[in-house]
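Given below, in the form of structure tokens, are the structures.
In what follows, chain A forms one complex with chain B and a second complex with chain C.
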Partner chain A sequence: MKPRVTIISLTSCSGCISTLISLDIFPQFLERTRIIFFQFILDAKNIEDTDIAIVEGCVSEETQITLLRDVRKHAKKVYALGTCASCGGILSLSSSKVADPISNYIETNGIIPGCPPPSKLFGNSLIRLVENKDIILSQKNMCGNCSLKRDMKINSHINIYKIIPNPEEITLDEENSECFLKNGILCLGPITRDGCEYKCIKMGLPCEGCMGPVSKDFTSNLINYLSLINLSQELKEYAGIFYRYSKPKFRR
Partner chain B sequence: MLKIIDVCKRVEGHGDVKILLQNDDISLVNFQFDIYRGFENFLIGKKLLDIPKIVSRICGLCYASQAIASCKAIEHIYDIEISEQTILLRRLLMSGELIKSHSMNFFFQTLPDLLAIFDFSQKTLTPYELIHYDPQLASNLYELIKIGNEINILFGGRSVHLISLIPGGIIYSPSRKNISLARKKFQNALNNLEWIIEKFIELFSNHIPPKEYHFPHFIFVGLSNYEKYDRYSGNLTIKQNNKNLIEFEKNNYSTYFGKEKDLHGIDFYFENKKNVIVGPLSRYNIIENYGIDEIINYLDYFNKSWKNNILFANFIRLLEMYIEAYHGIQILDDPSLNIREQFSPLNSVKNLDGIGIIEAPRGTLIHHYHLNGSNSIDRIKLFIATEFNIPLINEMITRYAKELFEITGDINLVKKDVQRIIRAFDPCISCATH
Partner chain C sequence: MDIYSILSHPFRRKILLLLEKEGYILYTDLMEKLGLETTGQLNFHLKKISSLIGKNRKSYFLTEDGKRVLKILNINKRILSGENIDEYLDSKGSEISRIGVIICTCNTEISNIINIISIENYLNKLKKVVSVKVFENLCQQKNFNKITQWVKDNFLNKIVIAACSPRTHQHLFERIFDNIIDRANIEIANIREQCCWVHQFETNQIDPSLSLEKAKLLIEAAIERLNLQKKIKVKRVEIEKSCAILGGGIAGITLALNLARSGIKVFLIEKSPTLGGKVARWHRIHNMGDCSICFISELISELVNEKNIKIFTNTEIENVSGEVGNFTLNLNKKPRYIDEKKCTGCKQCIEICSIEKPNQYEFGLTNRKIIYFPFIHSYPYSPLIDEEDLNNCLNCRICERACVNKAIDLTQKVEKLEIKVGSKVIAIGSDFYQDLEDYHYNPQKNIITSAEFERILSYDGITEGKLLKLSDKRLINSISIIQEVGPSEYLTNYSEILAQKYIEDIKIRNPDCEINIFYDLSKLKDKNEILLRSTNPRFLYANKITIETNKDKNYVVADNIEFPSDLIVLNLKFIPNKDLTDFRKYMDFTLDDNGFMSEETLASGIYGVGTIFGPLDYNSTISSTNKCALKIISLLSKDYLIAEFSGIKIDDDKCGLCGLCFKICPYNAITLESEKISIDKFKCKGCGTCASVCPTSAIDLNIDTSEKIFATIEVFSKFKAQPKIIAFCCASCGYAAADDAGLKKISYNPNIFIVRVPCTGRIDTNFIIKSFEIGFDGVMIIGCRQNACRYIDGIEKVGNKIKLLKNILLPKYRDRIVLKHMNAVEGNMFAEISNKFYKKLLEEVKFEA
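And now, the complex of A and B:
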């Protein structure tokens, strides 16, 4: 029997869904499953019993909590797709809106992280789901395999005063030789889960943490990390760092 | 009064149709959304270099357009010229995005509707049924989705929320290998599109499109470069009744439309504002011709009854993919693509207002940022294609629903048909609910 699949979107940009549809393995995924609810491509109206539920987007409205619980009730397994569903995502930047990860409301069986999830990891994860296996994610941070790493130690001697290099300072990977932290640029690699194949770093930009944390809560990791290094006063006050992809628990 | 809410199906994002019934008559039909994310609010105070990455997340379908409009607005603030190479690479990214977006829309949203509207199928086909209905058509369309995606990965570093796009330039140096790979992809796209376009002509050109999709007095708004098709540069243009071509500089947009305090929806400062339409159909009407012989031939297959019909936008979308693949190949052959210049440094603010305009796949997109005295962003206005179209969508669905309900009294039929009209506009709700 082909597994029945339900795909829903909460508050999102639909980028995870569009990435899903353009994956090389999407036709194979269609072939090997029976998608019973997927608003983007099907007319189906009701949530029904399903083997796998995949949720894109964060919870920002009351009505979504009801929908989410309904999906949980009908699904054998529920997975959070993308950074919005697993951490809160970009809407965390808003001070007036809630941007909750779905795990605040229902039990989840795993996540497919990234904003959007990197194609290879995404494809492999879907195949594992179809085969009724768990998703495997790296348990390491970015720095472990980073090509720029030169014995960087995280300590208060690291002075950070920028979150993005000035355009004219950007060099492509092959010309790059130094860890961003050495040049005063904030890289979130030390607390971010490996798995994106260094997409930003290869383009001369620091990691901004879209894959989420290796463990536990993103913001507490972030706060610990930022307290170890010497961040300029201006950046300490910049909301674009702390709330980039997740809100700290106390703000909820 | 009875209020009926119907959830929109097969659209991107979450939208509802609200139908108001009064004494057994339909008084109003509205296409509406309840979630507003508030990007215009939380972007206030953000660093200029940070903004393109954030606004990309407004939409997972027109991410490149959002980020490029943003880069243009920021470049306006610093008053810098960007290199020819940057412009070419941005155009390639926009082409990849358009091919992906249009082909997804065609496959999942409009093709099933068209087949049902013209009685080729009894019901709206699911993707599974579509694959069985015409395997070749399905596989050609799917190939296009992948090609658009691969172009974005190749030059943008990722399928969605492209990394290479930054104000002042683009972080990429195309290798010979990638250029020849991209050329193959675009060539492939052209071959596929020839087949799909001919199929479309064969299936539909001899039919007369239903009148509910017809609208005689559109006001077309879009970008054109001396009446040539150009989604990156050019001036804003308004065209009404096949005349009244008003062309104006981006800085003067506020003479014609604007946004009020709550920032929901666009206000137009001219007559018949409910007839404004942006997107493929507008671009088609505003430009002189597409400048490609094959396209002129293809257009000849359709008579007048199609040309003021929203369903014609579906055909134009296919043509636009063809045009973009065609231009894509020209860009890849352009020697300027290989001339890498230094990024223009973003040193000093020259304008407190920055306006960036481009044509996203679904129509005109404007980013307008304002800086306060200490060069920090204090006001943001985003004009999004779907927002431009909403008054017209509501006008059309209300008018049609009233008629249909009077004749049939069948509310379920009304609900079904209204949804189809909405889908014919290819609305992007993520964008509209920024």
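And now, the complex of A and C:
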């Protein structure tokens, strides 16, 4: 019996869905499952009983909450796909729009984080879902396996005044590049879940934290972290870094 | 039949399980299934469970008793599976908790305010509670037997005591349950000081139902916390009652004597061939009168007579391993080439030796033979040959023949030793500043260092104590002393004392001698401090000082004024000992900005005395040594150390090595060792600041876990009245201040719920955000006064977090976080702040509604 799969999209850029469709294993995924609701490829209008429901995007409208509850009622397991569904996502930066992770309204069985999810993790997770297993995520943060770490120690002498390096400073040479914190660039690696294969860092850019936190919530982790380093005044008041991918519930 | 002792061993459980599964098993089959090779072990276990099994024609089976036992135990398959379940048993605390609640009415103090029966009924309905018992006066001796009986009757393993503040009677309660219940499994719900005494109806028209509800929630939160308490592993380290002292200078000698006299075995290890250190070569010590070699040799003779002291001279450290209580030191004892036991010190060998070289113990001012005494009062009193000198020597072996006692043995080899000690002390002292080119240093041209000047003043030195020029042995009539020669970053507090001493000594020898003492301000960082300390009219301060030589006459030029000097003395600064960097390979400490050892970073069980922390004069050295001796005696007076009771634990599976924890730890208890975070359990004081910043929750405290704090907040959020305030109070000050309000019976509103944290540094931003999310309207953080935090700077750490948090919150929420500093006796301030905050929030909540 093939597992029945429902994939729905809420407020999002559909980046996660595009990634899903472009996955190497997507044809195999289609073969081994029975898709019963997926607006990108099917015309089905109603949510029906399903084994696995994958939800992409954040909740920002009342109707979406009804839809979500409907999905939860019909699905054995519900998974949040991408940073929007699991943490709130980039829309958290908006001051007018609500961007809630789906876990605020329904119980979820797991998340596939990332903006969009890294293909290796995504593929592995899908296979595990088809095989009726739980998704395995790293419990560590990024620094442990980071190639730039070497003998880096976070200390108060670090002054952070930038969030991205100047374009001319970006180097792709891993041998010569140093930890971003040493150069005064904010890197969110310490508070971000491992598992993204260090795409940004290999391209000479600091971690933005799209994989979300391992425990606690993004904002409090970030505050705990930044309280240990010297941050320039304009960055302290720049809510953008504190709410980039998620926002505490009460700030509404 | 003791069923517990039978089932305690995994093997026996496995046997029972096998018997249940198979019915009848042959002895040989049983052995095979258990993977045993010898019969002895099986026989032993079979004998132990003989009451549960029977034997029929070489086959074993379960008796009726055995079947019944298994049936009862079958509820938990895991116990029966026969695997090694020690780990499981350790955490049984959380899986099987039988919680009992004791309510103390405190005569009528508590029962007057709240209805005890209502609380009892409420608690009895809670699923997690096994039994509730009300006592009138829990703290009185007559009740103790009743309580322990009740605990035993109900098979309780965890207890909530709803009574007075833990600060009042915690230790008493812990003593009552000393052998029955683990300390971590006793939780006290503070319903007297923080509920009944502060929410009295008569004084402040407080709704009695709110006080009752608060008391209920306080107890329920304590139950929730206990339910989450896991069993704590306790580590016990036996202490070796001995101490190794590295360095036989004045600090090492004094310390060794102190320790030995208090009954501790001491190993005194000195790198050079003689004890005494630098002070032994000084002329005398300021304000002491006595010449230094006299009292040093006296100290050494006391040292030698002490049975508890073992002295190793000419010995170097090869390696150090182990932890506090149990260090192992590997030593290399270099050959002396002379048997100390046979040698009488007759000096025949020295007289006959024909090769000379400069004596480093006279700072190169005089020459010595290859076989030599470092100085006249050196200990051990026998000559030696340096290991490296043996190759430069003529190898004539004339000394060997000259020795009457046949004490010389040129074939000696390095001796390897291993000693075990409970603690170790680094007393290797400091070095002198050596880069003296700017000062045209040249002893032959009468520009010398302070160390060499000591040898001139000394009666056993080069000039036998007379003030003579080293160049032509003529009397010295003018001396210039240049102070603070060395690195500009720090000052030495002994330079004035030393100059003072020199003035006295010079005046005794030549009353007409002209003495000038110079400070070069351009080379000092803290000019003002030096100028403030100025006391003596002979001290001259100049912005630039140079030394010039003209026709064999030396001049000190201070701000263009020339001072002709027969002798120029450079008063050297101490610089960090060059061996310190070597020591870091096997001992745990870091260096400070000036390169000296940083005292706070020493691992536990390792101490430092003397000038390794920076320049010190003689008296400060001795007093710091005595202080250190006390520390060591108090450490080694115990038989064992218990670690890991309230400390932290690290989950390696979650740790990503980001290093936030070792940045924040105020005691440097966390270090990175071979790609793994490790904790020094004896340094960790359990403040929990590390747990508050760990982004993956890999670190948690053993007792005040985040899980428990969240559970507490959640229980408190059930309070029905608005507005609700949560107050995180540090255990030492904030919580005590709240208790103080209770003791003074200053009334405040029951809407404030107090959560005890070990230190305000423990407070995670997540606690605050979660509190707001869960429905609290205000968050109060009460910590110690600034600069008075028990854990150094916990209150500032939480202050930083709150500053950042307030920056990004909506203005409405900014005023809803209050951070206050308080003393333990400022109960009135606590009540005042709480009431003010409550009133403010009350208006805001009304306005919103």
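Keep this in mind: the second predicted complex is superposed on the first by the 247 of 252 C-alpha atoms of A that agree within 3 Å, B and C clash if a C-alpha of one lies under 4 Å from a C-alpha of the other, contacts with A are read in each partner's own complex, and residues count from 1 in each chain.
Here, a contact is a pair of C-beta atoms (placed from the backbone, for glycine too) under 8 Å apart; a residue touches a chain by one contact, two chains touch by 3 or more.
What you are looking at is a predicted structure, and each value in this text was computed from that prediction instead of being measured.
**Student:** Putting chain B and chain C on the same copy of chain A, do they fit or clash?
**Tutor:** Result for chain B and chain C: fit.
**Student:** Taking the superposition as given, does A:Ala239 touch the first partner, chain B, the second, chain C, both, or neither?
**Tutor:** both
**Student:** Determine, under the contact definition given at the top, whether A:Tyr225 touches first (chain B), second (chain C), both, or neither.
**Tutor:** It touches chain C, and chain B stays clear.
**Student:** So in the superposed three-chain picture, is A:Gly144 touching just chain B, just chain C, both, or none of them (first/second/both/neither)?
**Tutor:** In the superposition, A:Gly144 touches chain C alone.
**Student:** Contacts for A:Pro190 in the overlay, against chain B (first) and chain C (second): which applies, first, second, both or neither?
**Tutor:** second
**Student:** Please name the chain, chain B or chain C, that touches the greater number of residues in chain A.
**Tutor:** The partner that reaches more residues of chain A in the superposed model: B.
**Student:** Just to be sure I read the superposition right, which of the two partners does A:Gly123 touch: chain B = first, chain C = second, or both, or neither?
**Tutor:** neither
**Student:** Just to be sure I read the superposition right, which of the two partners does A:Gly88 touch: chain B = first, chain C = second, or both, or neither?
**Tutor:** neither
**Student:** At the CA centre of chain A, how far apart in angle are the CA centres of chain B and chain C, to the nearest 10 degrees?
**Tutor:** Between chain B and chain C, as viewed from chain A: 150 degrees.
**Student:** On the overlay, how many Å separate the closest CA atoms of chain B and chain C?
**Tutor:** 15
**Student:** Overlap of the chain B and chain C footprints on chain A, residue-wise?
**Tutor:** 239
**Student:** Residues of chain B touching chain A in their complex?
**Tutor:** Chain B reaches chain A through residues 7, 9-14, 34-35, 37-38, 41-42, 45-47, 49-50, 53-54, 57-61, 63, 100, 104, 108, 124, 126-128, 131, 142, 145-146, 148-149, 153, 157-161, 163-164, 166-169, 171-173, 342-346, 430.
**Student:** Please name which positions on chain A make contact with chain C in the complex.
**Tutor:** Contact set of chain A toward chain C: 139-144, 149, 152-156, 189-191, 194, 213-217, 219-221, 223-228, 231, 236-237, 239, 242-243, 248-251.
**Student:** Which bits of chain C are touching chain A when the two form their complex?
**Tutor:** 653-660, 662-664, 692-693, 695-698, 764-766, 768-769, 772-773, 797, 800-801, 803-805, 807-810, 813
**Student:** For a test of understanding, state which residues of chain A touch chain B in their complex under the given definition.
**Tutor:** 9, 11-19, 21-22, 24, 27, 30, 39-43, 45, 60-61, 63, 89-91, 93-97, 115-116, 118-119, 163-164, 166-168, 170, 172, 199-200, 202-205, 208, 238-240
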